[in-house]
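You will see two complexes here that share chain A, one where it goes with chain B and one where it goes with chain C.
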Partner chain A sequence: MKGIEVRNLVKNYGDVQALRKVSLTFEENKLYGLLGRNGAGKTTLLNCITGRVFPNSGEILVHGETALENDKAQQKIFMMSEKNFYPDGMRVRDAIKWTREFYPGFDEGYCMGLAEKFGLNTKKKIKSLSTGYGSIFKLVLTLSTNAPYLFFDEPVLGLDANHRDMFYRALLEKYSEKPFAAVISTHLIEEVAGVIEEVIIIKKGEIIRNQSVDELLATGCTLSGTAATIDSLIGDKNVLGVDSLGGLKTAYLVGQIDPSTLPAGIEIGKMDLQKLFIHLTNE
Partner chain B sequence: MNLQDERPIFVQIAEYIEDGILSGAFPEDTQIPSTTEISVWYKINPATALKGINLLVDENTVYKKRGLGMFVSARAAESIRSKRKKEFFDNYIDKVVTEAKKLGLTQEELVAMIERGYDR
Partner chain C sequence: MNLKSAVKYQVLDGKVAIPVFYLVVLCVMALLLVSTSDLGPGGYVNIGGFEMGTIIFLFILGLNAFRETFRMMIQNGVSRKTMFLSFVILALVLPLGMSCLNEILLGIGKAMTAGNDNVTLQSAFEQIYAPRYIENLGTMQVVLEGLLFTICVSAAAMMLGYFITTMYYRLNKAGRIAVSVGVPAILIIGLPIFDAVVTGGAIYRALGQLTLFAMGGPNGYNPYYAMVSSLIAFALLAGLSWMLVRRAVVKD
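After this line comes the complex of A and B, so read on.
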């Protein structure tokens, strides 16, 4: 069985249930977006899979083998975390050397080329890097490992628009050349909406959506018009949320509506990932 | 191209290539950008870029040369033009008339405006 399988994963921090029986599969060669609000459990999930955190119960299988304390399984995954786990005084080039030791597919030439493209000085101490260059260092390292599963936790944290652009392009270039599975956990939903194929939405430790972006967006639509008309139309519908501006209203609906049944002046719109996310995860 | 557009991205990709064929940027029997190039340029999933290209394959606008890539079919510009002419009413005229009615413009006023557009 290829892929990463997570079954009934539970992780508690004291009284806080960070993951509540999470089950999901990351298939090979697909780009996933892992979306959730702050504290939803995104990082905990990725940390459990990569063995940085021990779950209370549940199972994690990488190509059918347990991921817990299993080097062979862990070598298939590289995680770029938001936090820095590198020792004080370690330089970028030392981290590259150590990563190469553990990941046999590591491409040093590609790594140096990408570092240069981003203007990353490999002689610098990791601790002395700015937030942006800290992220750049980690994502350059991640893309160079050639591991079949790459986890990006907040990859573009602190990156300026130019560097974010470079990251998405580098990711897609690499992916087109030789596909891999990537899980991108990010708050910049609009930016990844077109890049990812599959989306997983996690809310308070539970997976509330897990499907392809196209499928998910096709499950909803927006209706805009005067407040009174919108109110009369949505009474019997499954409404995720509404935005009001004076006498105008936009309703976010689950399900599709036949435009020919709508009165004049009402506009039907496509749901976008960010809007849908906001309304699905609002308190 | 504006990926914030309401229409699916793959439809916009197909249209962007069609526009290139109409403008002469991609003449007959020349290669169009690859799935990878489109994916990286627009920062979209390669599967989406491929879906856009496949739309053009289905309409015989482009064809595959094994091992080389996708090429513009003979008379592609002509067939795009005739297809878009057929869609012109739904895509443009219908919207213009709806908006004109919303604004209370009469048919004569609208026709006069279109004529003015030609005088520019």
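After this line comes the complex of A and C, so read on.
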């Protein structure tokens, strides 16, 4: 069985249940968005898979082999963490050298090229990098490993809009050249919505949605038009939210509406992932 | 593949510290040789014990061999088993290499002081086990046994450092404070008082005898006792360290 299988994973921190019997599969060559509010369990899930912390119970398999304490399985995964795991005195170029040592598929030429594109100084000590460049360093390294499963935990932390755009482009370019599985754990849902194919929403340690973005967005729709008409249409509907601008209104609704039943001047559109996320993860 | 890379990482992690250590050793040796070159009539000095520096150095290296390495290796998909094994290999290879270098340096130093009757250059091993070598000082037997002695003791010292650092890593803040305060308090205050008041010095006498036995003193200054004792200590400390490493998790 290819892919990463997580079965009934439980992780407790004292009295806090960080993961409650989580089961999911990360298939090969798919781009996943792992979405959840702060403290939902996103990082804990990725940390369990990469063996940084131990689950209390459950099973994690990588291509059918147990992931815990298994070098062979772990070599298939590279995780870019929000935190820095590199030694204090290490320079960027040394980290590149050592990642190449541990990941034989590492593409040094690509890495140096991407570092140059981002303006990353490889002579600098990792510790001295700004928050943004700290993220860039880890992104560049992660994309260069050529591991079949790449985990990005808050990948665009501290990045300006240009660098965020460069990252998404680099990710998609790399993916189009040679597909891999990427799991992007982030709060910036609007940005990532155009990149991911599959979405996993985690709430209080439980997976509440695990489906393709298209399927998920098909569970709702938006209606746009004049405020008065929209108000008259949404009265009996499950409304997730409303945006108003002047006399125009956009309503986000759960469920689908037959376009033929709508009056003239009303536009029906795709659900917004962020709105849906807020609705699904609200208390 | 991973083990090889992990060992390489651990070895190269000390690429600055080891040359600096030997630079200091060479400077100290040179300084001592220069300062003792003209002692005048009747002047005599016995210089030695450089391998004690190696033992302390390797202990400190062991103390610094866990936290950063653990995080770096976890980041690079290395299992705890592989990282522990790589340290065990390091704790055998480094003492071997450094002990050989010590013997070479000692040999050079001895050759340089050969014509000077006022200066004797000896290893700590030769000083401790002098009674064993009264009749065959300077033979290959002394060199080989000294080499084995330093390898075994420094490997145990390195593993002791590793055990201490992994223990501190695993303990929570309260535990670290308890060990940092409690152990010295027991060893420096509690135990001596208890020994003097309650057992009439029996504990420290027993500890002294045990140390002497472990060093091979009562058995004709046999260094093989010390080697076996060190290897047992190495194995025990390695076992305890593994129990700590195998469940270690990354901390913020």
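Some points to look at:
Criterion: the second predicted complex is superposed on the first by the 239 of 283 C-alpha atoms of A that agree within 3 Å, B and C clash if a C-alpha of one lies under 4 Å from a C-alpha of the other, contacts with A are read in each partner's own complex, and residues count from 1 in each chain.
Rule of thumb we're sticking to: a contact is a pair of C-beta atoms (placed from the backbone, for glycine too) under 8 Å apart; a residue touches a chain by one contact, two chains touch by 3 or more.
Predicted model, so just to flag it, every value in this text is computed and none were measured.
Overlay on chain A: chain B and chain C fit together in the combined arrangement.
In the superposition on chain A, contact of A:G64 is made with neither chain B nor chain C.
Of the two partner chains, chain B is the only one that A:G194 touches; chain C does not reach it. With both structures placed on the common chain, the touch criterion links A:G105 to neither chain B nor chain C. Contacts of A:P87 after superposition: chain C is touched, whereas chain B is not reached.
In the superposition on chain A, A:Q75 makes contact with chain C only, while chain B stays out of contact range.
Number of chain A residues touched is higher for C, counting chain B against chain C. Closest CA pair between chain B and chain C after superposition: 28 Å apart.
The touching residues of chain A, when paired with chain C in their complex, are 47, 50-54, 69-71, 74-75, 77-79, 81, 83, 85-88, 90, 98-99, 101-104. On the chain A side of its complex with chain B, the touching residues are 31, 165, 168-169, 172-173, 175-177, 191, 194-197, 214, 269-270.
Chain C meets chain A in the complex at residues 1-2, 5, 8-9, 68-69, 71-72, 74-82, 246-247, 249-250, 252. Chain contact summary for the complex, chain B toward chain A: residues 3, 6-9, 35-36, 39-40, 42-48.
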